[in-house]
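Paired with chain B in one complex and with chain C in the other, chain A is shared by the two complexes that follow.
Let's turn to the complex of A and B:
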């Protein structure tokens, strides 16, 4: 029983064809779990114009695109009940035993965790982001998260900082929260084959150009760096509301020939941009993990980053220089980094080999599987425990979520009556491990 | 953040630390590091002794003291007093127990006195010169407002003739509450450029609308004109003066607050003893009780900070 394959459903609002950290994480984790012989499907909402229904992604990952419209930034409306008919049907016909919800702003994920117990399915949740405690949006989403986390089997965070944050936000027992980092495909981020010329140092920035990515710091520090080091050039990739600030800065200081703005960069083009430089600058004001930093380090760049969130955990101290989120300190750190790079103290190929040893999606899948096994072996909560735990949320929120729970149960009973389980079209032809190998390895 | 949650959080974090220290003995003596790049011999849900050690609470805690808070509350008391005075004047005009011509003269006198005070403040703050042009503009604007209101008075009087008085009372109450809630209570020294804020504009609009709908209940054109003119004095011009006076010595602030509050209660008293006592209670609790409640509530302040918070970038502008 301990090694029997699991049937896992990944549920999130965020998935391919969108691109991003969460989307990539779900895909890579699913593929590596498939490789380990498990059955994995993904459930997400539809993407206009025509991505709706069942699709297959290479190599044999089945994706259910539920016909839900999105509310804002590709998240669906959190209405707690409308997902249940789809959910019940999919979970039953695919004979799913465990669901894995992703991202704390994904309404589908929360709903999946709420409905799972009706079908005797166990739950795991991965939190990918950091939230504060003070603003109104954070207070509301934190309460929603706390309500869902009352009944979840286990929680996974992508960094130790993220874990502390999630434990505080959702009021969880720290023992039930696991830390499993993101990873990357090292082969996609190879260092430049020919060494870069040593007389000019190129600083690369690839980021969404938004306030939270600290673009203000870049705008303030870049002219000073250009003035102090005449052999420095900047390459900035990305798009966003702060692009205009960068353009203005470039014009104000006549740096058109020193600062190159690439605009939006496709993810598959990022390696090409990275290998043009020797230093990668990240000025984020908050970052749960920092996949972009990891990708740049893998491509052999020396990293300069603000010391925020989970960034200090992802690389050893000799591959990264930290700065405070101030203009002066960014300037100091860049000048130091230029010195390190110019004196050849940073070997790109050695850095690449080290990263290859640090991070591997196969390891992530193994560690996640351990969490799945722990959840499957733990005794499930019965309905009364659920109600008691939900009531414990607070004098105001507790009853609200208990009512939602009760209505959910009633709705489920109606569905059992309207659509009996016998009428469901079960999926009995599985994509086994042998079939997977046939497709992937030949 | 609510109190219960914060208490549980505190309990969780302290119990975590003790749990972790006992667990550490059970685990191997290998050294745990807070890094993700190293494969460690600890399980993924291992709770290190340093768990939540970077959590700080109330990092910028600044305990309030009673007197500065009370002085700050004086601006609110003054504003409430002006609303109460306005209401009393309106009731007297409605009952025809107050000559509207007298109100026009009072408004004019208030304007002249207020303007003189404004000039005096301007003079003491060194802006006396190069302002004759501005003064001419002010005179022109005040004459324009005066004439415009006079011309509009007949229209305003019949504006809501088709609406029942009950609706007008409810509407004006809502508008005046909105006015008090959105008014700008900051001072010139602390709130730079605060006068241009949207809420402050909304606040003045709400008050003038309340004056207009109330004025439409009055009998004759002159009363309508007098009331709206008085409202402009109280709700548009007085806040400007109050904004400047906030920086005056505390004796002046306390004196003006006390005068206004006493006056509002005294002119309400002959109309209704109940209303006057309600006014007095409202003003008293705003001035004395509300700061004390804030002081008391500060013990529940629990702001959680940690490495997950978004950093604030510091640049030389």
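Let's turn to the complex of A and C:
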């Protein structure tokens, strides 16, 4: 029983063809779990015009695109009951035993966890981002998260700071939350084969140019650095609403030959951009893990970053210089980094080898599997405990979510009558590791 | 014309009819055994049933007794229209669907409709062997469920298209798998001009 393969469904609004950290995490984790012999499918929402239905990703990952309309940045509305019919059909036909939902902003993930008990399926939730507590969106999302966390089997966060944040937002017991950091594929981020010329120091910035990525700090610090250090150049890749601020700053200080703006950079071109520089600058105002920083460090760059969120946990002290999120401190940190790089105190190839040893997707899959086994071995919550815990959410939210739970159960009962289980098209022949190897050999 | 049931215990609605050297027909009839193991027959198309008798009797009674129907011609026309629709529905029920395989000529997808057990109408779709690229089993969303379907990929003059077999009955996977294996094997064993792309 301890070593039998699991059937896992990853549920999230955020999956390919969208590109991002959560999407990449889900894909890499699924692939490594497939390699370990489990069965993994992904359930996500559809992309117009025609990405609806069942698709396959190499190496044998099945993706269900369910037709729901998206609201903003690929997240759907929490319409609790409309997902249940699709969910029931998919989970039954694939004979799924465990659900892994990703991202607090993903309504599909929350709904998957809420419906899972009706089918006797266990649940795990991974939270990928940090949230505030004061603005309207955060208050609502935090309450939704708290409701889901009352009934989930286990929670995983990507950093210890993330764990603190999730525990506070969702009122959880900290000892019930696991921390499994993200990872990266070190082979994709190799340092430059030929060393860079030591007369100019290039600082690379690659990020979405939005407010929360701290572009204002970059706009304030870049002219000061260019004035103080005449041999420094900036290469900025990425696009977003704050690009206009960078362009205006460049015009105002006549830095067209010192600051190069690349525009949007595809993920597969990022390693080429990174190897152009010796220093990577990250000025985010909030960051749960900082995969971009890790990728830059793997490519051999020295890192300058704001000390926020989970960033202090990801790299050893001698590979990164921290700054407070103020213009003066960033200036100080960059000057310090330029000094380190110019005196040759940072070895890109040694840095790459160290990162290769620290981070590995296979390890993430092994640790996640341990969480899965712990959940599968623990006793499930019965319906009465579930109702009691949901009622304990608060004087208003408690009854609301309990009513949703009750209506959910009734709807499920109707579905069991109108769409009997024997009429479902079960999946009995499927791609497995062995079948895939067979086909590749012929 | 020899007939056999390749899955007699679980899916006896699948028939394979062989006309020697000419074609082989994989026919799926519109009924199935109850899937809970009881062996009861669940029919998809019904002949004369008690419900039809009741409907005819009720409409006869209404025609004679309800004054509003006797006086207004619109009500009469509506009643006659509903009767015609009922007859149309009863006479166009799907009786069976099949795939006919003509080696070195092509395949033909057929739907036979009628009043059980008498076939009245038939619609056929022929795909020549040179246009036919592959026969596949794919999964797709249908309403709230995900179903397997058997489709022929072909390239007429124009873009590539999919023709779904057993479009109305949509049998479950074991039947589709049996037909898939059978059609592929039959086409390969009667090679002739047929070049299969795998």
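Rule of thumb we're sticking to: the second predicted complex is superposed on the first by the 435 of 442 C-alpha atoms of A that agree within 3 Å, B and C clash if a C-alpha of one lies under 4 Å from a C-alpha of the other, contacts with A are read in each partner's own complex, and residues count from 1 in each chain.
Criterion: contacts are C-beta pairs under 8 Å (C-beta built on N, C-alpha and C of every residue); 3 or more make two chains touch, one makes a residue touch a chain.
Please read all numbers here as calculations on a predicted model, not as lab measurements.
Superposition of the two complexes onto chain A shows chain B and chain C fitting side by side, with no clash. Annotation for chain A, partner touching more residues between chain B and chain C: B. Of the two partner chains, chain B is the only one touched by A:316; chain C is not. Contacts of A:52 after superposition: chain C is touched, whereas chain B is not reached. Applying the stated contact rule after C-alpha superposition, one finds that A:109 touches neither chain B nor chain C. Look at A:271: by the touch rule set out above, it reaches neither chain B nor chain C. In the superposed model, A:167 lies in contact with chain B only, and not with chain C.
Measuring from the middle, so to speak, at the Cα centre of chain A, the directions to chain B and chain C differ by 110 degrees in steps of 10. By the touch criterion defined above, A:423 lies against chain C but remains apart from chain B after alignment on the C-alpha atoms of chain A. Once you line the two complexes up on chain A, you'll see the smallest CA to CA distance from chain B to chain C is 37 Å.
By the touch criterion given at the top, residues 130-134, 139, 154, 159-162, 164-165, 167-168, 171, 173-181, 212, 214, 216-217, 219-220, 283, 285-286, 306, 308-310, 312-316, 325-327, 358-359, 363, 367, 370-371, 394 of chain A touch chain B in their complex. Chain contact summary for the complex, chain A toward chain C: residues 52-54, 64, 66-67, 85-86, 89-90, 93, 419-420, 422-426, 428-429. Across the complex, chain B meets chain A through its residues 1-2, 4-5, 8-9, 12-13, 16, 19-20, 34-39, 44-45, 47, 51-52, 54-55, 303-304, 306-316.
Taken together, the chain C residues at the contact with chain A in this complex read 35-36, 138-141, 144-148, 172-173, 177.
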